[in-house]
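Paired with chain B in one complex and with chain C in the other, chain A is shared by the two complexes that follow.
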Partner chain A sequence: MTTRNTSRRNFLLGGAAAASVPLLNACGVGGSTADNSGAAANDVTGGFDWKKASGTKIKILQTPHPYQQSFQPLLSEFTELTGIEVQADLVAEADYFTKLNTELAGGTGAHDVFMTGAYFIWQYGPPGWMEDLDPWLKNTSATSPDYDFEDIYEGLRTSTRWDFKPGSPLGTGGQWAIPWGFETNVIAYNKRLFASRGVKPAETFDDLIQLATDLTDRSKNQYGIAFRGSKSWATIHPGFMTQYSRMGCKDYTSEGGKLVAAMNSPEAVDFTAKWVQLAKAAGPTSWTTYEYPDCTRDLGNGNAAMVYDADSATYPKNKPGASKEAGNLAWHPGPAGPDGSYATNLWTWSLAMNAASKQKLAAWLFIQWATGKDAMSKATKAAFADPTRKSVFDGAFKQTLGAFPGYLETFEKVIDSTKIQFSPQTKFFETTEDWAVALQDIYAGQNAKSRLDALADSNTRKLAS
Partner chain B sequence: MAREMMPGRRRFTAGSVGADLLILLWFVFSLFPIVWMVLLALKTRSQQTSTYFAFSPTLENFGTVMSRRGEDLTSVNFSGALLSSVLNCGGAVLVSLLIGIPAAYAAGRWKYRGSEDLMFQMLSFRFAPELMVVVPLFVIYNQTGLFDTTYGMIWVLQLVTMPLVVWILRSYFQDLSPELEQAALLDGYTRRRAFVMVALPLVRPGIAAAALLAFIFAWNNYVFPLILTDSEATTVTVAVTKFLGGGGQAYYNLTAAAALIGALPPLVLALTIQRYLVRGLSFGAVKA
Partner chain C sequence: MTTTVTGPHREGPRQEREAPPPLPTVPAWRRRLRPYLLSVPAVAIIIGILYPFVLGVYYSFLNYAAVNPNPVWVGLRNFKAVLTAPEFWHSVQVTLVYAVSATAIETVLGIGIALLLNRSSIIGKIFEKVLILPLMIAPVIAAVIWKLMFNPQFGVLNHVLGLGSTFDWLSRDRALWSTVLVDVWIYTPFVAILVLAGVRSLPKEPFEASDVDGAGWFYMFRRLMLPMMWPYILVAVIFRLMDCLKIFDIVYVLTAGGPGNATRTLQVGAFEDSITNLNYSRGSTYMFLLWIIVFAVARYLVSVLGRAQRRAAGAEG
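Coming up: the complex of A and B.
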C-alpha cells in the first residue's frame, strides 16, 4: 500500500539530479556507470551454483514493511547459502522514493538491490537506471533450475515488464523487477457490525452506495466506508481505480501510438460523480486528507464499517491485540461491474537491481533467493501477506488464513482479473495526482463533467509534450 | 488623580482576567501536540489509534525503542542513531566553533573590500534548499568514501552550523568595545593574545548561545542524513520516522517514544546552559 508521495520533494530532486549529474560528469566526478544491456548476465557461465559470488557483499535498500520484516531474520540463511554478506538499509516509507531517486540519479550503485513498486519502473526504467532481469532469468548458469518464474502470478509478471513505448501495453519488453509481495484492492468490513445490523456486503456499486449510506451515523462517529482522498496519485490507484475498471472505464485510449485521456468518457463521468457522492454521504468527514493509514485506523477502531483498499493493509488490523476490532474483520471482493467484471488494480512491492551495481551476480542471487519458493514460504509463515507465488499462496499462506473470514475466497475471486489497470506512461505520478486533485475539486462542488473534461485535456497535452 | 500602581502589583479587572484566560487557552492549544505525543508514547499498540484519554499507561515503549527487542521488532537501531546524532552534531558544532569564532572576530573587527559580500555568501548557505545541493553531494560523498560516515556528516553539517555561529558571534564582537583589546595591546599583548585573553571571555554567553542554536539546528536536520547516510551514521531524525512502519503496520506509540527520547539531548543541553543562553540572547539586543 502506498502513501508513497512523489511530490514536490521528488520533483526538486529530479531537477537537481538532471542539472548536477551531467555537470559532475563533465568535471570528471561521479556520474553513472550504469550498464543495463544484459552483458553482466551473459558473462555468467558454467553450471548454476549458489556459491558463485561467495565472499562478496551487497547492500539492499528497503522501506519498513511486513515484507521486509519477515525477511530480516532470514538474511543469515542467505549468507550461509551463498557466502554473500548483506547489508539491509531502511528508509521510512514517506521518504523512500526521495532517497531512491537520488541514488539512482547519482548512478553510484550505492545499493545493489532495491524495493520498488511497478509504477516506479515507468519512471526509473527509461533513463537506464534499472537492470533488465530477463537475461538473468534466461541464463541457466545464473538461475537455479528450481526457480520456476512461471509460478509467480501472471498479472504480476506482466505488471513489471514493459518496453517503455508510449501506448504499448504492459507485458512486453524487459523484466525490470521481480514481484515479491503484492496486494489486491478489495473491501474489508466489520462483520460484527454487519451482523448486528443484519446486512451483507454489496454486490453492485449502487448497492454499495446505499449500504454505506445506511451504515453511516455521524452522531455516533460512525460512517459507512473509508477510501483514500488526499492530494496524491495514491488516492486513485486502490479502490477508485479498481471500481473504475470494473465499471468499464479506461484511463487512456491509444490512438496512433499516442495516449488520449479518457477519464471524461460518459461512463467515467458517471462513475466519478457517484464515487465522490459516496465519499460525501458515507465517507470520512475529512476525506480529502485521507490516506491508507487513516482508513485502516478507522476500520480498526470501529469508526468505519468498510474500507476499500489493499487487502494486506487491513490484514494486520485483524491480528489479536492489533486493534479494537481485531477478530471482527472480514473481506469481500467488492462490487462487480455491470458485466460481472472483478477487474482489480494491484500494487506489488518488487525487487529490482540497480543498473550501476558493481556486484550484479550477487545481487541477482539475492533477488532470486528472496523471490524463490523456499524463502518466501518461510517469510509467509511470519507476516508476509499475499506472496506472489501460487505455490506459496496455496501452501504456507493458506495455513495462516484461518482467522480471516472471506480473505481466501476474496483472493481467489479476484486474482485472475488482478493486474495494473493503468496505462503505463512516464508521467504517471504527475498526471495521476492531477486526477486526485480533480476528485477533490468535484468533492468541493465543481461540476464533474466540466472538471473531468479539463483534466482529460490537460493530461492528453502533458503526454503529448 | 490616578493612583499609581506599585511595581509587581496589578489590578484585576474583567479585561485582564479575560486576557489571561485567552493566553492560558492559547498555551494549552500550543502545547497540545506535545501532550498528545507524551500520551501516545505511554499507550500500548492496541490503544495507539484510540482518541480517548483513558488508557492504561506503560513505559514499555521507551525500553523497546532503546533495546535490541525494538530493533528485532522494527529493524531500527535507535540507540545507535542516538549516539550517531550526538557525535555528528557535537562534532559539527565543535568544528564550527573552532573555525567560526576567529572568522566572526575578523568579520566583526575589520572591514575590507567584499567583506559584506563574503558574509552574505556564508549566510546564503542557509537559504539554499538542501534538496538542490544534496544530489551532487551524494555523488561526491560516494566517490570520496565520506558517504555514511561521521566525518562526512560533520562536514556537511557545516552548511547548517557555520553560518549560524559566524553571524551570531560577529554581532557579539561588533558590540564589544575595541578599546578593551587596544588597552591590552598597549600593555604588550599580541593581537592573538588580546583576542584569546580579552575578547573571547567576554563573548562566552554568545558562544554558548551560538553553539546551542547550531546544535539544535544540526540535530533537527533531516535531508542530509536521509540522503548521505545509511545504517552507520544515520541520525535520530531519520531513525524516528522508520518506526512509522509501512504496509499497514505502524508503530505510532514507538514513534512517539522515540521522538521524545530524541528531543531530550537538546533540551538537557539548553537547560544546562540556560544561564548563558538568556544572557547571550539578550546581549547586544539593544544597539545605539
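Coming up: the complex of A and C.
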C-alpha cells in the first residue's frame, strides 16, 4: 500500500476548490426571491391608523435633489405622526443608480424605500425587485381615506404603471412607484440678452436653429443653446425626445406585439440631422461631454443663451446670488411641432418600495405620507420643486412662482401634453444609450441616414432577443 | 551537559556558556498540522480573489441579466456573441492603443526624468519631491480636474494655449489622446521613481572604469547603464501596461467611453454591460476575455523580465 502525502500546494488548491463548490452551487443567480405580489398589503386589516407600524425603523435611499432637500426637514413630523423612525441615506446622483442597481440585484432589502425614475421601473420591475403598490392603494386599512391618489396628475400616474409586456402602453399593470416630484423639458433663456438683441423665443424648430445660430459668437465665448450630448441615455430623454415627439417622430412602432425601431423614419432622420446641426452651429464646443449641470452652469454664467432641459434643472440658477445671470432667466415652452404639438417628455422622481423590504407596512406609510397633500404642500413652500399633485400646484406652488417669468405659463401650456414619450421596454438604457452614441457619431461626421438605419436595425434585434 | 561554543573568527579566551534548555517536545500531529495552519491566511486570501473570479467566469456561461433573473447554461454563446461583435474588437483596439502608447510615453519620459534627477543638484532634489505629487492624487480626482481644464468655455488649457473656445480636447479625433495625456501626467512619476531607484543601485565601478578609458556619456548610457537598468525598466513597464490594459477610471470620468465609442475600453464596455445595462453574463464575458489578454501579456513580460535579470547578473550572454 502506498501513502500519498498532501503537499501544501495541493492543500491550497483543495481549499480553493472546496470554496468554489458552495459558490457554484449557491451563486445567487436567479434574482430576488422577494414576494412583490402585494400579499403583504392584504395582511393589513382593520381601520386605517398612522400608528399601525409604530416602533419600527425604515431606511430610505435617496439622491441629493431639491425634492429630497425640501422633505428632509419634515422627516421628524413623519416620525411624530407614525412612531416610525426613518434613516435617510444619500448617494450622489452620478452614482445613485449604480448603487441602486447593485443593491436591488443583491436582494438584501437593505433599504425599504428608494427614489427612482419612471424608466427604471422598466428594468427593476421584471426581475421582481419592486413591490406592486396597487394592492396597498386599494386597501383601505393601509391607505388613509384622505390620500386622494387621483389628485396626482394623470400623466404621472400612468407613467409609473406598466404590465411589462413588449408593446403594451404605460398605464396598464401594476403601480410600481408613486410620483413625488417631476420635471417638464422646456427652454430656459437669458431674457437680458434677448432684450438687448431685440429677439424673442422661437416658436418653430427651424426658427430655433436660426435664433440659436444668431446668438452664437465664439469669439466672445458665447453660444446659442445648451442641451445634453454625453454618451448616456440621459442625452436623449430631455430636449431631444421632447422636440422629437413634437416633430411627430416615434421611437418604436408595435408590430404584432413586437417593437420595431423607428428612429430611422424619414421624419426622424430629418429631425436628428437638424438637431445635430444645431449642436454644431450653436451648441457648446465639447457637446459630446455635456450633461445637465454643464448646460445650466453655462446658462448661469452667461455663456449659453438658452438651455433645452428640465425646468427644475434651470430654476436654481435664477435664485438671487446663485449665478451671474440670476434674475435674468425666463422660461418658454420651446418650439411647437408642425401641427402645433407641445408634446413634452417628463421625468418623475418617484418613491418605490423594495420588494425585499422587511417593513413593508412602515415603508408604505412613509410613501403615502411623502406623496400626500400635507407633506407635499409644506415641502413646496419650503423649497422650489414641481409638485405632482394638482391641488398642491394650484395652491402652495403658484405662490412661489413670482420671480420666475414665464414658468407658470410654460407649465400650463405643456402639462396636458406632458407624459413619457418613450415606448416602455426592458432594454431601455442599453438601446437609448446606443441612440446617444449614434448622435455622437453623426456629430463626428457620419451620415445621419445610414447611422440611424444601423441603430434601428441593432435596437430592433436587441429587443427581439 | 555543557557545550563549548567556538567560532573561527572568535578571538580571546574561550568562554563557556550554559546550554539552552532542550526544546519542548511537539507532538507529531501538531508538527504535521503546522504547515496547514500557516497556509490558512493564504487560502483565505485566495478564496477572496477566486470567489469573484470563479463567479464571473461562471456567469459568462449563463444568460444572466436583470430582465432574465432565472438564467440557464448557454455554453459558449456569450463568447461567440462578443467575439463576433465589431464593438468588442473596437474596444480591444482602443485598449491596446491606450495601453501601449501611454506605457511607451511614460517609460521614455520616466527614464529621462530619472536620469535628470540622478544628478545631485538642488533643483533635482526639489523636483524629486514635486514630481511625486501627481501620484498622491486619486486618478478619479485627477481626471475630474483635467476635465475642467479641458473645457473649451472656461478651461485653463485653451486660455493659456490661446486656443479660444472652439478647440475641443475631447472631440472624437482627440479624446483618446487626451485620456492618454492624463494617464501620462499621473503615472510618469511612478516610472521615474522606479527607474531612479534602479539607477541609484547600480555599481559605480564600471562607470568609473569607462570614464578612465575615456568613454563618452552616451556610450556609457547605451552600453552600461541601459543594460543594467533594463530589469527596473521592465518592472515599470509591466506595472504600467497591466494597469493601462485595465483602465477605467480616467476614461470613464473624462468621456464615459465616447464620443461615440472612440474611447470605449474593454473595462468601460464591461461596466456598461454589467452595471448600466444589467446584463451580467455579457459583462462577465468581457471581463474574462480581458483577463485572458492581461494574463497572456503578463506571462510574456515576466518571462522577458526573468531573462533580463539573468542577463544583467551576467548569467546569460
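One rule holds in what follows: the second predicted complex is superposed on the first by the 432 of 465 C-alpha atoms of A that agree within 3 Å, B and C clash if a C-alpha of one lies under 4 Å from a C-alpha of the other, contacts with A are read in each partner's own complex, and residues count from 1 in each chain.
Everything that follows uses one rule, which is that a contact is a pair of C-beta atoms (placed from the backbone, for glycine too) under 8 Å apart; a residue touches a chain by one contact, two chains touch by 3 or more.
Since the structure is predicted, the reported quantities are computational estimates derived from the model, not experimental observations.
Enquirer: When the two structures are overlaid on chain A, which partner does A:Asn301 contact: first (chain B), second (chain C), both, or neither?
Expert: It touches chain B and chain C both.
Enquirer: On the superposed three-chain arrangement, identify whether chain B or chain C touches more chain A residues.
Expert: Comparing touch counts on chain A for chain B and chain C gives B.
Enquirer: Can A:Pro66 be said to touch chain B (first), chain C (second), both, or neither?
Expert: In the superposition, A:Pro66 touches chain B alone.
Enquirer: Looking at the overlay, does A:Ala88 come into contact with chain B only (first), chain C only (second), both, or neither?
Expert: In the superposed model, A:Ala88 contacts chain B only, not chain C.
Enquirer: Quick one: classify A:Ala105 as touching chain B (first), chain C (second), both or neither.
Expert: both
Enquirer: Please work out whether A:Gly321 is in contact with chain B alone, chain C alone, both, or neither, and reply first, second, both or neither.
Expert: first
Enquirer: What is the contact status of A:Gln123 with respect to chain B (first) and chain C (second): first, second, both, or neither?
Expert: second
Enquirer: Of all the chain A residues, which ones make contact with chain B and with chain C?
Expert: 12, 15-16, 20, 23-24, 29-31, 98, 102, 105, 301
Enquirer: Give every residue of chain A touching chain B within the complex, in rising order.
Expert: On the chain A side, the touching residues are 1, 9, 12-13, 15-17, 20-21, 23-24, 29-31, 59, 63-69, 72, 87-95, 98-99, 102-103, 105-108, 110, 292-293, 296-297, 300-301, 310, 312-317, 321-324, 326, 383.
Enquirer: What residues of chain B sit close enough to touch chain A in their complex?
Expert: Touch list, chain B to chain A: 45-46, 49-50, 74-76, 129, 131-136, 138-140, 142-143, 147, 226-227, 230-231, 238, 241-250.
Enquirer: Which residues, counting only chain C, touch chain A once they are in their complex?
Expert: Residues 35-36, 39, 42-43, 46-47, 50-51, 54-55, 58-59, 62, 64, 66-67, 69-71, 147, 150-154, 164-173, 254-262, 272, 275-280.
Enquirer: Going by the contact rule at the top, pick out the chain A residues touching chain C in the complex.
Expert: That would be residues 8, 11-12, 15-16, 19-20, 23-24, 27, 29-32, 98, 101-102, 105, 123-124, 126-128, 218-219, 221, 230-232, 284-286, 288-289, 298, 301, 303, 426-427, 429-430, 433, 437, 440-441, 443-444 of chain A.
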